[in-house]
């Protein structure tokens, strides 16, 4: 089990490779069975990893046996393992949904899907900043390919925007890495953290540039203002399982901001401590506002959900900007909740749009859905969750974040913006729900039956919502511990540089 | 003496490169420009060889060899593009 | 006692109707009633203790870190509300059994109703503020479902949405208020909070917290100016209205005021806001109620008015007033519930609720009429009925306040006016419906309803009478207990009796009676007067407001998110510029202390070439082929630069990638426009140029500063360990395949994925194939020039040999799997170019996809191999061997890794380029689609 | 280093560079595409040959064993240069590039363009 | 031209030899290890790539081939000097021309070699080969006598090539 | 030398970003390629410039920093993969939308002549 930390990367990678080779390569059914089995395996190993790291302390995996800071090390601490597990669960939902037929609308769905997960997990686990770049690229290229899955003009168009923006961001990433290596002389995140405060003034100015450039990169992934405008249309046109999986993609950006700007530029970074914070505050709040406006303005459910992603991003970055343990813990809880529920909502939006003929998921009068009951229930639960109404997880996340803002000078902003965004979501979602489910013409009603896998997928993702509430105690205990682990930089840096594979 | 020779040679090659650029600029036709580019590739080989001689290392031989191979491919591809549009058919 | 069950039983009961629906309406209704009844019994078992002034508590730990526990408390106030909620709830269940038609889904209805009931129960027994808020929002949600029960009706949808929006928003304000209170007190535990009234009132945040909490309460209780949602909630089935608007939903706001009375009341601010809001609501509701033709509309506004009355009482900051308020809560619940049910019966049996059509029903349904009349009289405050008693107390309290100073007299006056209107609309309800001639155009012939539909009304009306006559005996203890909880200290002396002698309140009652009758008799004038005003329909205003909000947001989004990539990229660059530039102001000098290299002629020439070509690429970017040629020059110079600065591996890689890229771009350019017209305005161009140039300056500056600053890096380790630890003398290659092999694994994965993605893109591509070039010249007929074909074929073995050479030396000298792979690919691509797809097809039977997969697999397997030796992934192994004849040679696992790299590169490049080439041939990849 | 080796190397170097230069000069100054085509494709072969020979001699001397791999580059250039020239000539004819007035049998280029027989 | 059998251990012997030599040249060594490796590659690569070759007439007369190669190299050197002078001199003196050389050899490889030789030698560039492979179009930088030039090409280059390829 | 190097990086960055800001996919690709040159040179510069430094052990006493070289190699490969994808995506976009504008539609330009020009050229290219 000493190799457990690398499983979340290797499992999907090997799975993807095997699916490209005979005997799996020529049968979609074999792909499906194999992919689901692999995904369950992945969930099991991610859960094991999380438990191990929770109980036995941070797991470090030193690739090639080259001690940090020289080689690449994977860091499986509470935060990263939580993100990995979250990814796997979300992925299983998206995968089950895809196996109901969407995966066969183009080539290579399953291998690409696995590669995507590999990239995401790699980005969460790596403790090396250049390796982070590599995994970013893995997840990006896989997402480019997945985004066009299913074909259609809209996808191509959105993909052009998505790809170009991300390519520019990747260039910026490399500029930033150049600066950081060129001044700090190291790539290991923990090592960088330990060296950054010892730099001279000249180097510190450069490092600051580099660190802030990273904000551009992560900001684009996270869709933080002013890098958010691509997101709604991109997510809205992606095929449902892809969009659902993409729910974690913005979180990769958020996670990276959290990781880099708490560890390298954390409290112990001397003059460089918290360099991003003055920027994060206004940008996060504005992101949230734009997201809320977008939610109100959206003419279709998918766009609404995509804009809700922006709202969640704004909320999360606000929590990061608070730079306190309680806020980070709240953010982690919120992250789990929002990822799974937006994932579910993308799937539900697809269910809805497949049932409403040409109207799809737009807020116009259309024929009645054949299976409106089951879809309605899932939508209702998802809606409550995403708006932040009890008894589902959204309200806990929101309350935790509001609580953690107490006593800050910015708390008035945080409270009013978060709550008003809640109002906007409430208005938009209630409008959406009543229109989609209750306003219908008398047109013919000939939509296909819903594949049971789709329902299972939606229920799987949605079940997180009540579960996160019922087990709110243990979950918040965990997020608190994860947050304190992250913020305790001196300890973690020492552990990572000296500790070795313990 | 050798150093002088290297300096002279390097200077000549550099001037050649600038002349190539001038032709590339001037054109007037696409074949002219491709030709200029092709010559540039070859002059770069010269430059690398000179560089290798100057620094007394054989490490740059492969670079020169590669330019020779790939420059040809590139020129051929550009010509094919002009002739047929479709490179691979 | 397990208080959890009090709320849990009805909550579980939510599922009951869904399960029992199939067994028929009676079974369904009966089964539904069971669990709430059980819950009610649980509550009743503790009446004694509560009346003795005890409060029962129970706490179950839930999420301690956020101060949220399952915490319950049963005290007098809770008891009062529980009796109302559960008691009236049970009556409603019975009533609804007869009210609902066969078309309505009874199971669904009951489920929503019980869910709502549970939420109300939850609110009133919560002892934790966050938990209370949870249930609070749950009432908003479940009432949304109830109001929209007839979802096919636009009115129902709009009314429900409006209710949800208003109460939901209020709920969020309440949440903020509660969190603020929790912050002030340091706990969300209600006991603690209620005991900290002085602390709270003295705190700087008190006004904000108060306003936020009141916003929650007022929206829920339909207080002015949030009253507008309530009448539109009447689109709900009548049992819902009867339940929500008498005993529960709207009373939740009142409950909140009562609950937080010890913590929040007692200040001038409280008085100003609460009593004035109550007063305005009282008057407004009473006035509008008179003009409603809709039976339920009248009752709705009357509800608003009575809620205003209770609010006013609570706002007076007097203990006795609070007692009066609690008393009126009970009374209002009983008579209003019965009135709604009566209205429902009328609607049900006549098919109309329009009082202009409904006339003389006394004749057709005397039993119902009598019940309704008694309840309406109670609402009017007629003696011997419970409404009279609390109104009397109300009048007394309005007299006994001085908070408005010299204007205090206005409050009793206005209260009397309100009461007069209340009398007037009650009269209208009685006279207009049950007397006043014959019915007009009713859809159904009116008759008495089924027997059991009247039972709930009878019970409630009986209660009105009984309480009205024997108040102290029936509700004295309950009222005392409830008031005790509200006041959180001793309840002042109050007398619950019908007759208090001739006093001013009695006189005010008399005035109100007379005034009410007068108003009703002169109603024609009033109606005419009112008719001049176009009564604003809250529904349209609200919808309009929402619509214009949405329009407004759409305009914002259309401006911001205009779909222009150029805009987004520009924003990103601007952001990049700011982020990178502003720290540079701290940079004191550009040049650091590191000694600089001397400038030489070659460098100047190369720089010149690079700069001119780069600029030329830009200048002629609209003439694409030309631009491409200049781009090649730039690439060439960059490779030379790498060679110059001691990086031969980089030079080789850059060169090979460069050529493959050019080929790719040429392949693509065939299908794209060869040139474009100028599209950007000069202004645009100069702005773009400025921003780009600024970033260029910043990057250049950083680059220079970095280059001239000494660096202490981890690289010495690599140089020191490359040979001994990695077994190779080419440190760069050892880093790639060993020290940082994981990066390389990721890198080839990227390449492989890109190839797959491209294949996917090509598979569905239907693209226009130009038959002429951009100048209109037809293509030459010579597809595969002889010389090219011949020479390319001859060069293939040579090229392969060179790639083997490059591959094998990589570990020790510049080279490696990646460059070797590119050389191989280029050599094969050259065959495609020279000989064509059809010529290649029978000659190369390798599946490039498999090549990619096996390449990645091979690299990964090398990494996994180290597991056998119990070493971490990608640990390498190497050794030197000696063979006779051959001599000493080295074997390293890194070479297998590098071979994986080689295969992936070949597979990926060929998959991309070859298939792209095949686009125009009969060998298109479409045939392979849908594996 | 022995004088004569240095001398030979230097001569080869300068000679090679001069040919390289002349090739590029021709490219820059000759009147039409077809004449320009001659300059680099020829001059560079010999120019490169000179430089590579210099390199080979020097490396052999410095490393103490025969270094002939420079020959490979020459070989490559010899094989590919004619094809490059041929392809370029084809493109030029395809584009009907202007042929300098003095050229004899200009019409032949049209036949060549169509890959016909001369008459 | 014979049709080739499906599999031969040495499908392209000339290539194999060339590869072997090139391998040694690349590695700048005659160390035994590289001799073995070179031999191995010289065997394997032709096996892999033999499918990628259009069938060609085989080489004969290695001596003639060698002599031909030396002659061409000599001609290249001379040609370069000539061209160099022409280039340096005034452009007005140039006397460019297109000529068509009738071909006697027909197979593709020999034609290619001939065309290449022509391009590498005296102020000439092979511009095109007619579709029927009967004519080689040549651009001449400075033509003094057309017929002489054609005869020279045919005599000096085409003839030995025909000899070498026995066609 | 460092100044020239930095200047070139700056120029390449400028040119790259300027082209990325243009409205046609192909031009953007060219811009990104230029940008990647700038990036690679920049990243390479993080190891400082060395002339005649050893890239291989035992060739010289002064070593050039090998780590940035390895990073640039990785960056080049990844950049190639990305560029390739974008190029094909650009083709696909042209195939799907009928034009090669990054937004999938050619914007109407206020300048009339320019608009008609681009329209006609577009038609011509189809």
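So that you can tell them apart, the chains are marked A, B, C, D, E and F in the order they are listed, and the count of residues begins at 1 in each.
Methods note: a contact is a pair of C-beta atoms (placed from the backbone, for glycine too) under 8 Å apart; a residue touches a chain by one contact, two chains touch by 3 or more.
Note that the coordinates shown come from a computational prediction; the quantities given were computed from them, not determined experimentally.
Counting C-beta pairs in contact across C-E and across A-F gives the higher total for A-F.
In this assembly, C is the chain whose CA centroid lies farthest from the centroid of chain E. Each chain gets a centre from the mean of its Cα atoms; for chain A and chain D, those two points are 58 Å apart. Separation between the centroids of chain B and chain E, computed from CA atoms only, is 23 Å. Separation between the centroids of chain E and chain F, computed from CA atoms only, is 40 Å.
Chain contacts: chain E has residues 22, 26-28, 115-116, 126, 129, 131 touching two or more partner chains. Among all residues of chain C, those that touch two or more other chains are 563, 565, 569, 573, 644, 648, 669, 699, 706, 711, 713-715, 718, 739-740, 743, 747, 750, 753-754, 757, 761, 764, 770, 780, 782, 785, 787-788, 791, 794-795, 798, 802, 813-814, 916. Touching two or more other chains at once are residues 130, 134, 137, 141, 144-145, 148, 160-161, 164, 168, 175, 178-179, 181-182, 187 of chain A.
Of all possible chain pairs, those that touch are A-C, A-F, B-C, B-D, B-F, C-D, C-E, C-F, D-E. The residues of chain A lying in touch with chain F in their complex are 130, 134, 137, 140-141, 144-145, 148, 152-153, 156-157, 159-161, 163-164, 167-168, 170-171, 174-175, 177-179, 181-182, 187. Only residues 1-27, 29-31, 33-34, 37-38, 40-42, 44-58, 63-67, 69-74, 76-85, 87-92, 94-95, 100, 102-103, 106-107, 109-111, 114, 117-118, 121-122, 125-126 of chain F touch chain C when the two sit together in their complex.
Every residue of chain C that touches chain B in the complex is listed here, in rising order: 601-602, 605, 608-609, 612-613, 616, 625-626, 629-630, 632-633, 636, 639-640, 643-644, 648, 651-652, 655-656, 658-659, 662-663, 666-667, 669-670, 769-770, 773, 779-780, 782-783, 785, 788, 792, 795, 799, 802, 806, 813-815, 819, 823, 826, 829-830, 832-834, 836-837, 913-914, 916-918, 920-921.
Residue ranges of chain C in contact with chain F, taken from their complex: 563-566, 569-570, 573, 594, 596-600, 603-604, 607, 610-611, 614-615, 617-618, 621-622, 624, 627-628, 631, 634-635, 638, 641-642, 644-650, 653-654, 657, 660-661, 664-665, 668-669, 671-681, 688-689, 691-693, 695-697, 699-701, 703-704, 706-708, 711, 713-715, 718-719, 722-723, 729-732, 735-736, 739-740, 743-744, 747-748, 750-751, 753-755, 757-758, 761-762, 764-768, 770, 774, 812-814, 818, 908, 912, 916.
Within the complex formed with chain A, the chain F residues making contact are 16-17, 20, 25, 28, 32, 35-36, 38-40, 42-43, 45-48, 67-68, 71, 74-75, 78-79, 81-83, 85-86, 89-90, 92-93, 96-97, 102-104.
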